[in-house]
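Sharing a structure below in structure tokens format, with a few things to ask.
Note that the chains are named A, B and C in the order they appear, and that numbering of residues resets to 1 at the start of each chain.
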Amino acid sequence: MSDFFTTASLVFVVGSGIRLATPFLLAGLGETIGQRSGVLNLGVDGVMLLSAFGAYWTILETGRPVAGLLVGLGVGLVMGVVYGVVTVTLRAEQGVSGIGIFLFGLGMSDLLFQKKVGTPLPIRGFGDWHVPVLSRIPVIGEMFFQHSVLVYLAFLLVPVVAFLLNWTTFGLNVRAVGENPAAADSLGVSVARVRYKTILLANGLAGLAGAVLSIELGIFQQNLTNGQGFIAIALVYFGAWRPVGVMGGALLFGMVSATVLQWKTLGLVSGAASSLTAMAPALLTIVALVVISRTVGQPAALTRPFERGR
Amino acid sequence: MTGPRLAGLLVPVGAVVAAFLVGGVMLLMLGVNPIRGYGALLDGAFGDLDALADTAIKSMPLLLVGVGICIAFRASVINIGGEGQMIAGAIVSTLVALAVPDLPRVLLVPLVLLGGLLGGAIWGAIPGALKAYSGVNEILSTIMLNIVAVQLMNFLLRDLIMDPYEKDGGRIPQTRRLSENSDLPLLPGDTRIHIGVLVALAMAVLAWVLLWRTSLGYRLRAVGHSSAAARYAGMPVKRTIVAALTFSGAMCGLAGALLVFGSESHRFVTDGSSVGFTGSAGFNGIVTALFGGLHPLWTIPSSFFFGGLLFGANAMQRAVQVPAALIVALNGMVVVFVVSSDRLRRSIGQRLGPGLEEAVNEGVEDLE
Amino acid sequence: MQMRRNRKWMGLAAVLAVLAMLAGACGSDEEAVDDGLFRIAVVAPSASNDLAFTQSIVDAVHVLDGVDVIDVTDGTFIVADAAAAVRGYAEDGYDLVIAHGSQYGGSLQEIAKDFPDTAFAWGTSNDTFGLDNVSAYTAASDEGGYVMGAMAAAMTSSGVIGVIGPIAVGDAKLYVDGFVNGAAAQDSGVTVNVNYIESFSDVALAAEAAEGHIANGADILTGTAQMVVGATGVAAENGARWFGTQSNQTSLGEDMVVASQVYKWEKALQGIVDGVKNGDLGGRSHTINLENGGIVIEFNDAVDAGDARAIGEGLIADIKARMVDTGA
């Protein structure tokens, strides 16, 4: 165990935890915005898969990572329009629609991958960017300031989303619509329009998350996300619908995963214990939430379609 | 047939047809004749007695999970932990079969099924208790427990309960062939259909009885309508929430046990993932329940339809060589289209007969 | 969640079920065709282009002689569905049905009994269940692992090698054990760290596992199973070398893949196919290894392996001559 507590080892674990947390964080931020306005989106994983494929294929064909990122975002927005039509205009049941989107995304991304890409070739990503000055700080520099641009993007979005939700009129409307859409409606706020916007934001961020995933990994594969979209949804509850809380949850999950990985690399854990330690991130997330034991409730109108007069 | 009733049937059917049409276009783009493809799907699912039996077997876990979802959702509890609960049930039932393999069949079979109920019940009670007493949202806890269940399954199957033959050999993560006394008895007739199907049907009926003929069921539905009102009326809300998830989990656990003991191999085997064992029944069951209007009895035909779609899709894949991925995408489209058509159905119904609409919806009580 | 218990859902469910049954009943029953063509079918768990397990069998069946029809059902990681597919192919009268996945064995054991006139092949395993219409095939992946482990130990300048594995079962464990033994035999001072990430599909975790090895000083990596493509990306980014298995993985990095252990399943399958044509439906297990050419170490000439290449080729010859025990 003393091997684990060396500087080099700990530096790696923190950096790795940050990297692992990034897709959860992006998707989780998006889901937070959506849920704050009363919309539950269980299809995040499917959107991530579609955008991951879109980004991968774009870069494969054009060689331009930025184009891939934009295509991923675009795919997310398109799925956002679809989800908006289904749940806001057509007022369909949100939970099931989300599962339908998930299944569609899972199958479609796999189908397109098998038909459009013969032999999967690796793609080049963005590379790491060393933040000037800050990355030279011993220890801290390596942990925090030598990551890919996409990681910085994700973490910078946390204060942006927090600001959006808490300090703008839009954010006020979002929260009102999520807590009491009838009251908001009577005050002249278009519930449908607000929800459309939040759904677009939510799915756009999910699209970004998927693109970041395939770009960082440099490849695509059937079910690339491996359930990360659902973990991101779970983290929204962990974070009590606050962007900072979601970031905390993503980092907790990422760090525990990274710690477990490092133990295995160093040979501290092997054989049977290996499976058991793989449970650690999930178990610790539950335990942490029980311990922190917040009593913040969910947005009151979460999952209820809104219809004037009902 | 009155306006709303007609709309009520035609519009959703139309939605399914629309989804299949889009799927047909996708088949065309893959160079496949859609008629041949869908023909193979329908034939594979319902074409002969063997196909019907296999479809029934495929529907069985969907029905059980769906019934569990009916119970949970009626209490306004969202159970996405079906996958993990199925695995938990499979684990406990397998442990039972390994512990007492020589019991006579008439005892062992019910015992392993009870084991399944127990395993699933525990795996449902945990998030239930966490929600009721610690305020942990059940979406979070069920998703996390799904992950834990998979790792537990992998650990057991490649260590504690691995087939001893495999330990020195190929190291396939599976148990030994489980006691023959625990094989689910086959129903008369020459098909592979086993009593698991009857057990699932019985559970659907029991769930209906629970929800509408017992005081616990009344409490579940009351809490589902409004937990505040239920609390005001003096009902034990927390215990009811735990009960909802426990029962829901138990159904899923039973499904897991039936999957193990009704399987071709009569072993518990894993490929490392949850879906490899469950076939996504934990998710598909949610859709099944909602297509059945969250009513246990109507979940029966709904599960048969979905089971047919899933089983027939394998036949379609074999017949026209399309990747299984197309089927998954098609399932997703069917779900989204049908669920989206809800409002269309209501607006058409309203145009055809205003006023009758409300009566139809309120009058639903007498059906139950 | 807003609950709606509407009659329309119930009606829908019933109507759909009935419609479907009617449509199905009207469908035609396709008889198994006996037209003298030799048909084989393959059922495999992942995608045909996964550069690993499934790709190896799909590539192999397409180079067999004397086969007229090849049908592949891939992506059947749901064991029950794979069993249904195997049974379906048997019912349709295929001459040889190949179940490519060790988790399918238990099911195959039961299905094969129902179709005594159909030949089945199962991999990766050497267990034929005592049935004479089942052939088993497996790869001695520890042999290639041993060779490449020794090469890696000879090539490493940092003295640290990293291995990324899925779950410690089956073919994966065999390869890793061979690799570790080969490295130790070549140079016992070299450290080989093995990380089983407990999943066959978590690409992101495999990538991080590779990062972990690199951070620990590894300059050579290897791994097995389809999630390994995450690790190869990391190796490429960090200038590490890679040894691949199951398929030729050079396309993942022209300038970093030193060699790949490629499974040529056709060496085993051809014998099975020929046997079936002569009326011998199976009953034996077949192992592909270096000696019978079923395993081939394909070197990537774009990477200069120096002395290691000679060591590798020497070991290959020794293993073929049965002079080396891989200890796996």
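The rule is simple: a residue touches a chain if its C-beta (ideal position, glycine included) is under 8 Å from a C-beta of that chain, and two chains touch if they have at least 3 such contacts.
Predicted model only: the values in this text are computed from it and were never measured.
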### Task
Please give the intersection of the contact partners of chain A with those of chain C.
B
### Message
Can you check which chain pair, B-C or A-B, has more C-beta pairs in contact?
### Response
B-C
### Query
Compared with chain A, which chain's mean CA position is the farthest off?
C
### Task
Using mean C-alpha positions as chain centres, tell me how far chain B is from chain C in Å, no decimals.
31
### Distance between the centres, which are taken as Cα means, of chain B and chain A, whole angstrom
28
### Task
At least two other chains touched by the same residue of chain A: list those residues.
93, 95, 110, 114, 222, 271, 275, 278
### Message
Counting only residues that touch at least two other chains, what does the list for chain B look like?
### Response
78, 151, 154, 158, 290, 323, 325, 342
### Message
Two or more other chains touching the same residue: where does that happen in chain C?
### Response
1, 4, 47, 75, 167-168, 198-199, 201
### Message
Residue numbers of chain B touching chain A in their complex, please.
### Response
26, 30, 78, 80, 130, 134-137, 139-141, 143-145, 147-148, 151-152, 154-155, 158-159, 283, 286-287, 290, 323, 325-336, 339-344
### Query
Which of the residues in chain B end up touching chain C in this complex?
5, 7-9, 11-13, 16, 39, 42-48, 51-52, 54, 58, 73-74, 76, 78, 151, 154, 158, 169-174, 177, 224, 259, 263-267, 269-273, 275-280, 290-295, 298-299, 301-302, 304-305, 308, 311, 314-315, 317-318, 321, 323-325, 338, 342, 345, 360-361, 364, 367-368
### Message
List the residues on chain C that touch chain A in their complex, please.
### Response
1-2, 4, 46-51, 75, 162, 167-168, 193-199, 201-205, 207-209, 211-213, 215-216, 226-227, 229-230, 232-233, 236-237, 251-253
## Note on the structure
In their shared complex, chain B is touched by residues of chain A numbered 42, 46, 82, 85-86, 90-93, 95-97, 99-108, 110-111, 114-115, 222, 227, 230-231, 233-235, 237-238, 271-272, 275-276, 278-279, 281-283, 285-286, 289-290, 293-295, 298
### Message
Touching residues of chain C toward chain B in the complex: what are they?
### Response
1, 3-17, 19-21, 23-25, 27-30, 41, 45, 47, 71-81, 83-85, 87-89, 92, 101-103, 105-107, 109-111, 124-127, 138, 166-170, 173, 198-201
